[in-house]
Each structure stands twice: as structure tokens, then as C-alpha cells.
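For reference, the structures are reproduced in the following blocks.
In what comes next, chain A is part of two complexes: it sits with chain B in the first one and with chain C in the second one.
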Partner chain A sequence: MSTADYSQSDSGQDKRARRWHILVFLLPAVIVYTAIMILPLIETLRLSLFNVVDGQSVFVGFGNFQTLFGEPRWSASFWNALRNNFVFFLIHMLVQNPIGVALAALLSVPKLRFGAFYRTALFLPTLLSFVIVGFIWKLILSPIWGVSPYLLDLVGLKSLFAPWLGRPDTALITVSLISVWQNVGIPTMLIYASMLSIPEEVLEAAECDGITGWSQFWKIKLPLILPSIGIISILTFVGNFNAFDLVYTVQGALAGPDGSTDILGTLLYRTFFGFQLQIGDKSMGATIATVMFLIILTGVCIYLFAIQRRMRRYQF
Partner chain B sequence: MAKARTSPLRSGFVHVALIIYTLIALFPVFLIIINSFKDRASIFRNPLGLPNASSFSLVGYNSVLTQGDFTLYFQNSLIVTSVSIFFVLLFGAMAAFALSEYRFRGNSLMGLYLALGIMIPIRLGTVAILQGMVATGLVNTLTALILVYTAQGLPLAVFILTEFMRTVSDDLKNAGRIDGLTEYSIFFRLVLPLVKPAMATVAVFTMIPIWNDLWFPLILAPSDATKTVTLGSQVFIGQFVTNWNAVLAALTLAILPVLVLYFLFSRQLIRGITSGAVK
Partner chain C sequence: MGSTTLKSLLMATSILASAGFAHAADTTLTIESWRTDDLAIWQEKLIPAFEAKNPGIKVKFAPTPPTEYDAALGARFDAGSAGDIITCRPFDKSLEQFKRGNLSSLKSLPGMENFTPVAKAAWSTDDGSDTFCVPMASVIHGFIYNKDAFDKLGIAVPTTEAEFFAALDKIKKDGTYIPLAMGTKDLWEAATMGYQNIGPNYWKGEEGRTALIKGTQKLTDADWVAPYKTLAKWKDYLGDGFEAQTYPDSQNLFTLGRAAIYPAGSWEISLFNTQAQFKMGAFLPPVQKAGDTCYISDHADLGAAMNAKSKNPEAAKKFLSWVASPEFADIYANALPGFFSLSSTPVKMKDPLAQEFVSWREKCKPTIRSTYQILSRGKPNLENETWVESANVINGTDTPEVAAKKLQDGLDSWYKPAK
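And then the complex of A and B:
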């Protein structure tokens, strides 16, 4: 309030001088952000409408998109990557986020002993890089080392073991679960935070009405943390649809076996940068990046306009 | 009523569930670290055993330290991460101060513009970023990475810091103005010290993705002299797939700095996440 009063009472006198401060404070951030992030993004969108013909950049309209969706070779790998990406996202939503909510609910039990230790431990995998996580699991799941069959043998499930990462039908699920293992700390911590912010009086009132334990979680806590679950869903969506590192580390740029773990990020990398026999193609790279941009934009818009607005927020 | 919340059976169940998940989270890391100190035969014969007198071996570390240039990679990562964080915090705090302190035309529009980058990943602009870096001769320099990471970190930094700076008392700033402080000294001498906790949160949030990123080092700076730890270990481990000692040792060397930093700062980190992130 007083800021507003101050600036209004004062602005008549040295309006110009004040404006210079604002500019100086804003400019560095705006310049770096615009030059390195916004302009390249716009330029990428623009490049998707051009292609190189005889060494010259020529405007081709939606020609690149026609190639991407029309030519069998391109469209097959694009739809494959998109489908895999949706499976990747779905596994995160169905496994990572419920586990995150459950862990957060457990962590927020009042007077929990060793709470700090559990929080520290649960968040550790999230800090490791995809490269470390990828190789750790590659080693552990490797049939050569034999740690996983040995461990499964301890619980009598040795027969279940298979080289999961090497088989087209299980590789994608395995990679997704590795990613879930790594990232589960994020929903856990965010939901834990929003559970802590539920006031004690609300829970006490619930207990006076005889709502405890399980039903307290479903009837009181879950509705109150729904906005956080919404945020986590959109973060998961954006993160998953530009994921690249883990698949690249575990399965290589070809996202094998047989493209079964190929997601949009790895497809973009191969297309734009080239790999082995494939030559890098700037225009098609920009085209795929544009499609990814539109997918992410659609997701974010659905969240902002359809989900977030309908969500009831409670003010305490 | 209090009884219902702390019944021993329930808290026992809670602990069992949490311990199981803690094991799932920590065991893979533990397994890699213990095996990196064993000789090749023991890695395969007894993967779960702790290294003892007969199985202890540093052969993996030996080959990593003689063949990989890990000190250089480590140094590169350190430079890139710390310089980027410095610029993200400085530029981010300045912009946040402008947005939270002054009323000017287009204020909320500017806030929205800067917040766009929270949701739209910078990776999608890679094609044009590489083109720009080639044009300016910045490919294979650490500067290219620093620029990209600064731009990547700014949106979230501005967003979080603006929220925090709104809570700084106006009376304090106005008192400063009456004492004749310029707007710049109000920012640097009054406001910045007060938002230090928020700066720490932003620093951690900015640091993790930069330190761990593989995409931009791979595309913008893959040369030997500019490899970061993440890219360096990726390439190194890729070359040594069959040398298990070297791979396990390289992984442990890549994990250790993160572990040490984490145990030093985990309290602040988790407090930062649980206090400021969700609004």
C-alpha cells in the first residue's frame, strides 16, 4: 500500500529519474532472457517454416510439417516417439505422483521420529544427475552383473528376472520407472509442504467430528492439497515432454531396442544433431521442436484455463 | 483425541513404510559405492558384501584418475554453475526488485513475460541457440553454457524473489529514502540482505539442473577442454563399459561431491522447498 502512495505522491517531481532506476534494474534480466531464450524460441518456430534447397534457405510454409506427418519414415518415428512419450508421462502420473502423495502423507504424521532423516534420504536420488542415475540402474539391471536376479532370489522371485532394458516390450516401462525412482522426491516435498500448511485447527475440528486417520486423509487433506497436485501434474507434463538425458544415457541416442524407448527429446536430438549415418537436419529439427512447443503449450493452457480455474482454493 | 493420532500400531506402520522406501532410494547408490572399492572378482562373486581386506582394491580409481580428465571437468562444472548462479541471483533480484517495488506501465505484463520461461523449456530453442552461438563464435566455450543457464534460471528466480520482496517492509525502504539513500543503495544495502533466505532457495533450485544438465554441454560445448562433469562421466563411462572397476569408480566420484554438498545443505534445501516453493 505505502509503496503505491509513495510512488504516486513522488512521481510528479522526478518521474524521469525514477524511471531510469526501473530500467537499470530490469534491463540485464530482460536482455539475457530475451536474447538467449525468447528470440531463439521464436527463431526456431520461424525456422520450421523454412528448408534448405540448393544451399539456400527457402520459405516452404507448412512443407516441413507435411514431411513430418506425411512421409512414412518420418511420421512412423514421430508417432512412435509421441506414443512412447505419452506412456512415459502416464507412468509418471500413475506411479510417481501417488507414491509422492503417500510418502508426503506419511512424512506429515505429527511427531514423527527421524522425520529429518527420511526427508533427507528420500530426496537424495533427485539430486543425482540423469547420467549417474542412468548408469547406476544400467549396472544393477545388467544380467552380466547379476545383482538383480540375486536380490530377486532372496524374495523367491528369481524367475521374474529378465534383461528388462534390452527387451522392446519392457524397456520403456523400465526407463520410466527409473525416472520415477529419481524424481519421486519432487512431488513428495511439494505435497509435504502443502500438507504442513494445513492449519492444526482444521485437523482438530475434523478429529472432534470423529474423522481420523484414513478418512481424514481422503476427506480433509486430499481436497486441500489438490492445487499442489495440479501444479505437480503440469510440472511432470512439461518435464516429461522435454525429457532426454535419461533415455540418452541408458539406451543411447537411438533409444533402443528398436526405438522402443524413443521419446520426443531423443528424436529431436537425432534429427537436429544427426547420429551415426543420419545427417543433422536443422529445418526438421526446428519442426520437431515446434511440435513439442505446441504440445507443451497445449498442456500448460489446459492447466491454466481449465484445471487451475476450477480448482477451489482455501484461504486460512 | 491425541491418542488416535499417535497409536503405536499406526506409527509402527508409518515407520515400516518409510524405511522400505528409504531403502529403495538409498540402496542403489550404496551398492555402487561399496562395489567401487572392490576388486573385479568380488564385484561379481559377492556384489552385496562390504569391501574387506581381501576384496579391497582401488584399481578402478587408479584408471579413472590416470585416464579421465576429471579434475578439469570438475573445474568446468564449478565455473559454469557458480558464474551462472551469480548472474541469475544478481539479475533476477534486480528485476524482482523493479517488479515488486515500482509501479510503472506494463509492470504485470513484464512479470508475465518473464514468467513464461518457467513453463516453456529453453531446450525447445536449441536449434536457434546453437545457430546464434556459432555465429558469435561461442561454440565450445564455457561462456555459451553460462549464458544459456543464466537465461534458463532467470524466470523462476524472478518469480520467487518478487514474491519475497513484496514482504519487505515499506517503512524501512522509505526510511532509507528519507536518509538520502539512492534507489540502488536501498536495493543493495537494505533489501538484498533481507531476502538472503530466498536467495539461498533460488540458488539451490538453479544449481541442481545446471550441474546435472547433459543436453547443452553435449550440443554447445562437447570439446575436451569444456566438458562438464556430467558430460565427462557420460563419455568416460561410455568408453569403459566393460571395465567395471573404472565405471563404478567414476560413478562414485561423480556421486560424492553431490553427497557431500547435500549433507551440508540438506536442511536449508528442504526448508527452502517446503517454505517458499508452493504459493
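And then the complex of A and C:
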């Protein structure tokens, strides 16, 4: 009887204590996330439904969205930014990620010398600030003092050089490639890590079956690193549609020439904060931010529900 | 070494503190400004000159960094702690403060008669009936050239457009120098140093600018498209890869002596004086035909206003009248060559290059940049669009006609001139 009593009261105390702990441990994260992520997000979504009429903030429903998509000038600059953003993303997917996979495959070759050095060198640009990267590349590509026209001149190919950052048809590709140069370290490292985690036995078994070299990469390694490639794709997608800083440092807030490097981030910046004589428009800025949020949300959902679920995982 | 510095600092503070005590009964005026660069000029030249003439008034120059100025000033107005004298940004930012009742009207201030309506335009209400800042400084556009290069090639200073292009051809043919140091990468160079520099000669300065605001002229009119047509011709005289040439690149190309002509604003003068190793001269934006009236962009940049809630309104007015006087103009303009006083009394400049710029006021009609007053309040913003289109015209992305049409369409979408 008495023992049962003791155990009951014990378990009761345990329960209360456990609840208390949960609360304490969750609280800092909940407070921080609410204050710096959730509240601003809700406030942005709310702000996109309001506009200033005669100095008063008025609820306008989806009026701002109507302006953004219906008014020819707004929609022209929005679609231009969205199209540029897709090109920006596509170049990352087609250049950055394949190069990342290739570099990781090379790094994981067991007999590679100076592996640690290559690893560091490849990851270094990722650690640099956008401002520095933007500045360095502007100098490298400068037609007046740049290294690239000089080097091309040395090998007699000066005619191949053009002021790439200043031409509407090449500026976006150039900026995208600068971004690829900076960020290629991230896919490289992630895939390198997942390649290292492929068990030796699997590779040995493959070799016993006569699968070596290239076919080993395609038939054994690639399927095993596919989940990592999926994660990298979605990280690239989110990163690219939130991008702003590199375009801003290299091409300025007007994302010239002729708006050819304007992506959603720079459009949002100009609209929300204003630029030069243009006064910031908080409501339209919030509207663009909401659209960006929805685009990213849709992209992530497609990945999570349509792709990741069907991805085959192997367990050893 | 360290201890002597410390000692002298301590000495200085104690002396300053006692000086403060001695004049405790004096009125003290505080000046709000974003011109942190001007601190030394105010403390060493301007304030002593004023205090010598006005015993009993002490002046303190308290600048805030440029990027924080507007926000900080707004907060101080709200809290009632703003200084007595406010340095004014041109156009809408100051107009907004005036409309909120933070700045006093200065229409009847003694000394205001020293300024022309153009000089006051940046700080007047839209109808021009009231003024709330004393104009302090402006910047003038023109061309700075490498005198040594001109002498070597035997080129005379061009006055008409034909002579200008003939000079450019000659420089290009010789090949030693890049004829024009300008790039389109930063966009604003093309608009500010290009379009707004040569434009007033075509749209006849104030006449065209005010007509544009009234709606009687359009950006698609011949007078407004013509500067773009001229600008399009500049393309052949710019350096290799000008599409990716930035503003600092242009400055360096000129000061290193690699380019012959620099489409300029007068604010470059002090920098060029310290960096260029050759003789420099300046010439007016060339007129179309010999004998035409010349127009220059004399763009208001800096003014001074009185806080409407100042506790020392009499002293503040006295100070502002002094700012409007030729004495202030003389000290200020000579301390900062390239920032000219807007006073109609001519100021004698010691710097020859600055003197050349300021002398144009006597023979040409001044105007301000066409996009700044009223026309850049809406979206799309006319000033920003002008940057993009000016660069497009020089790059050859758009023809002058297309560029003008785009600008006018953008303006039409929100601006309805008062009928």
C-alpha cells in the first residue's frame, strides 16, 4: 500500500517536472523565432493587404496584388525580375551543381595528393563577403585595369574580351557565374561528405562484379548521393530566389544595364526602401515580398511532396 | 609623446570649459548638418567670423553622418530636441519638413533678396510663394579638360557643338588620349554628367523645365530628344569597354592623364586638384550655333533653415541673414572649391578652375536638373528612369526617340500637371 503511494506521488512529480523542463528548453527558441521570424513574416503578409490612401493606412484586400500583376509597368518589371531570377537559378543548377558533383568526385579519389589543400581552396570563396567578391570581380572584369583583358591579351585573344558586366545581353550570365564561383564550395562539400559515407564494402562488391571507373560512378555512387543532390537543389532554389546582395554590390540597386540583372531581391529593395529620389513604398514592397515567399513556398512544397517522397533511400 | 598629447588635450578642454562658463549668458545656436566633412571649415573659419561680428551668440556645428541624417533629424523633430539651424536637403525632403511645420518660413528674412528664384526653387513651395531655406551651395556642370593635351594637339577650347565634335575627332585620330572619360556602368554618370549637363542648352534652361512641370512641353518634344541624339554620338569617343566603366574608373582615367575631356560636375574640383599632375581647364556645355544663349545646370545642393520651435528665433534669424550675406558666400565657396554660393553677388574664387566654373553665371542662364522638382515624386521615378535611359541611349540599346517615349509614358502614368 505504502509503496504504491510512494510510487504514485513520485511519478506525479516526475510528470510535472518534465513539463516544466520542456517549457524552459523550448522557450528561448520559441521567443527568438517568434520575434525575428514569425512576427515579421505575419506583419509582412498583413502589410501587403494594406495601402496608404490620403496619409491613412487602409485595408485594400488584394488591391496591391492587382496593381502588381495588372498595371502594365508594375507587371513588366515584376515579370522581368522573375524571368531573370529563373535564368539565375537555371545557371546555378546547370553549372554550379554539376561542377560541385564533379569536384566532389575528384576530391574523394583515394590516392589524391594535397586533398586538404584543394578542399580548403575550393571552399574559401564561400567564406568571403559578398562585398569583397563583388569588388574583386568588378576589378578582374574591368576593361580598363582588369586582369582578364590583360591575360587574354598575353595569349593574343584580346578580341574575345568584352565589357561583359556592362552589356544587357551578357550581364546576367556574368553575375550568375560570379555567384557560381563563390558558392560552388557548398555543393562540393555536401556531396563530398555523402560520398565519403558510401561504405567500402559496396564499392568492393561492385569491383568484384566488374563495375569500375566511370560506370562505378554512374551506377553505384550517383544513386547513393542522389538525396544530397536533392537537398542541394532545394537550397540553391531558396538561396537564388532570395538573392540580392551580389547583384546589388556588382550592378547597383538599379540592377543595370537596362534592368537586365534585376532579380526579385533587387526589385523588392528598390520598391520597399526607395532609391535616390524614389521614395520607398512599404505596401508594394510587402506585396512583392509576399509573392517571393509564395514562390519559394511552392517550390519547397513541390520538392518535399513530389520529389523527396519518391526518392529511394538505401540503408546499409 | 602620448602624455604630451594627453596633457595638451586636457589643457584645451579646461580652457574651453572655462570659456564656456565665462559666456554662460550667451545664446547658443546648434546647427544640424550631414556635412561631417565640413566640420573643420565651420569651426575654423565660418563660426569665428560670425561670432566676431555678433557678440553674445555662440554657434555649435553638430553634424550627423549623411546616411543617418534624415532619420535622426526626423526623430529629433518629433522629440523636440532638434537644433536651431537645420541644413536642408534640396526639394521634397525639406518641403515635407516645412509642411509638417518643423521649419519656419524665411520669405521675409533680410538677405533673401540676394537670391534669384532659380536659386530658391529647391526650397520653395510648389507654387513658389513661400521659401523656407537660405540657399547655401550649388554645383555647376560643365567639362573639365586636360590643358596639356589640348596644347599638344593644338586644339582650341570648343564653344559650339561642331567645334566640340571636331575636337573629339582630332583627339581620337591622334590616339594618345581617350577623347571622353565617361562610362555607363553606374548609369547616373550618363544621366547627370551627360543628359543634365548638355540638356539645358536644348530645352532652354528654366523655360523648358517649368514648361515640363506645367505640362506644356513633353519629353518627346524635339528640344528634349535632341540632347539624347547628341549623347548617342558620344559613344564613339568613349574609352574601350565604356559599358563596364564605373564612375571611379572615369575619374582615374582623367586624373592619370589618359583621357582628354571629362564631363564634370564642379564637386570634382578639389579631388582633381590634388590628383591630377597636369594643367586643367574647364569649358561650358557647347551651344548648338555660335552666338546662342548658353544655359548651365547650377544645381542647388545645400541650404539652411530655422527650426520652427527654436528657443532663440532672433539669434537664428540673425545667423541665417549672415548665411545669406556675401561674406559667408566668400568664405564658404573658397573653403570648398566646387560648391558655389547661390548668392547673386559674384564671389571671387581663388581656385582658377572653380573661378572658371563660377564665371559662367555671368554670361549664361542658370537652371536646375530637370527631373528633381515635383517630377520625381511618383512611380516610376523619373530621375531613376532617366539614369537607365541615358545609359541605354549611349550603349545603343535604345534610340533617342524610344528612350524619350519611355520616359514620357512613365511620367504620364502618374503625373497630371495642374491645369
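One rule holds in what follows: the second predicted complex is superposed on the first by the 298 of 316 C-alpha atoms of A that agree within 3 Å, B and C clash if a C-alpha of one lies under 4 Å from a C-alpha of the other, contacts with A are read in each partner's own complex, and residues count from 1 in each chain.
Please note the rule applied: a residue touches a chain if its C-beta (ideal position, glycine included) is under 8 Å from a C-beta of that chain, and two chains touch if they have at least 3 such contacts.
Given the structure is predicted, the values throughout are model-derived calculations rather than measurements.
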Using the superposition on chain A described above, determine whether A:Gly166 touches chain B (first), chain C (second), both, or neither. second
Tell me the contact category for A:Asp153 with respect to chain B and chain C: first, second, both or neither. neither
In this superposed model, does chain C or chain B come into contact with more residues of chain A? B
Figure out whether A:Leu141 sits in contact with chain B (first) or chain C (second), or with both, or with neither. second
Given the touch rule stated above, what does A:Asp281 touch, chain B (first), chain C (second), both, or neither? second
First, second, both or neither for A:Asp258, with chain B first and chain C second: second
Both chain B and chain C contact which residues of chain A? 145
Residue positions on chain A within touch of chain B in the complex are 1-4, 6-8, 18-19, 21-22, 24-26, 28-30, 32-33, 35-41, 43-44, 47, 99, 102-103, 106-107, 109-114, 116-132, 135-137, 139-140, 145-147, 150, 181, 184-185, 189-190, 192-194, 196-197, 204, 207-208, 212-213, 228, 231, 234, 238, 242, 244-245, 248-249, 265, 268-269, 272-273, 282, 285-286, 289, 292-293, 296-297, 300
For chain A, which residues are in contact with chain C within the complex? 73, 138, 141-145, 149, 161-168, 252, 254, 256-259, 275-279, 281
Quick one: which bits of chain B touch chain A in the complex? Just the residue numbers, please. 1, 4-6, 10-11, 14-15, 17-18, 21-22, 24-26, 28-29, 31-32, 43-44, 47-48, 87, 90-92, 94-95, 97-99, 101-104, 110, 114, 116-117, 119-129, 131-132, 147-148, 150-152, 154-155, 158, 170-171, 174, 177, 183-184, 187, 208, 211-215, 219, 230-231, 233-234, 237, 244, 247-248, 251, 254-255, 258-259, 262-263, 266-267, 269-270, 273-275, 277-278
Per the contact definition, I'd like the list of chain C residues that touch chain A in the complex. 91-92, 183-188, 239-246, 249, 252-253, 371-372, 376-377, 379-381, 383-384, 387-388, 391-392, 395, 397-398, 410, 413
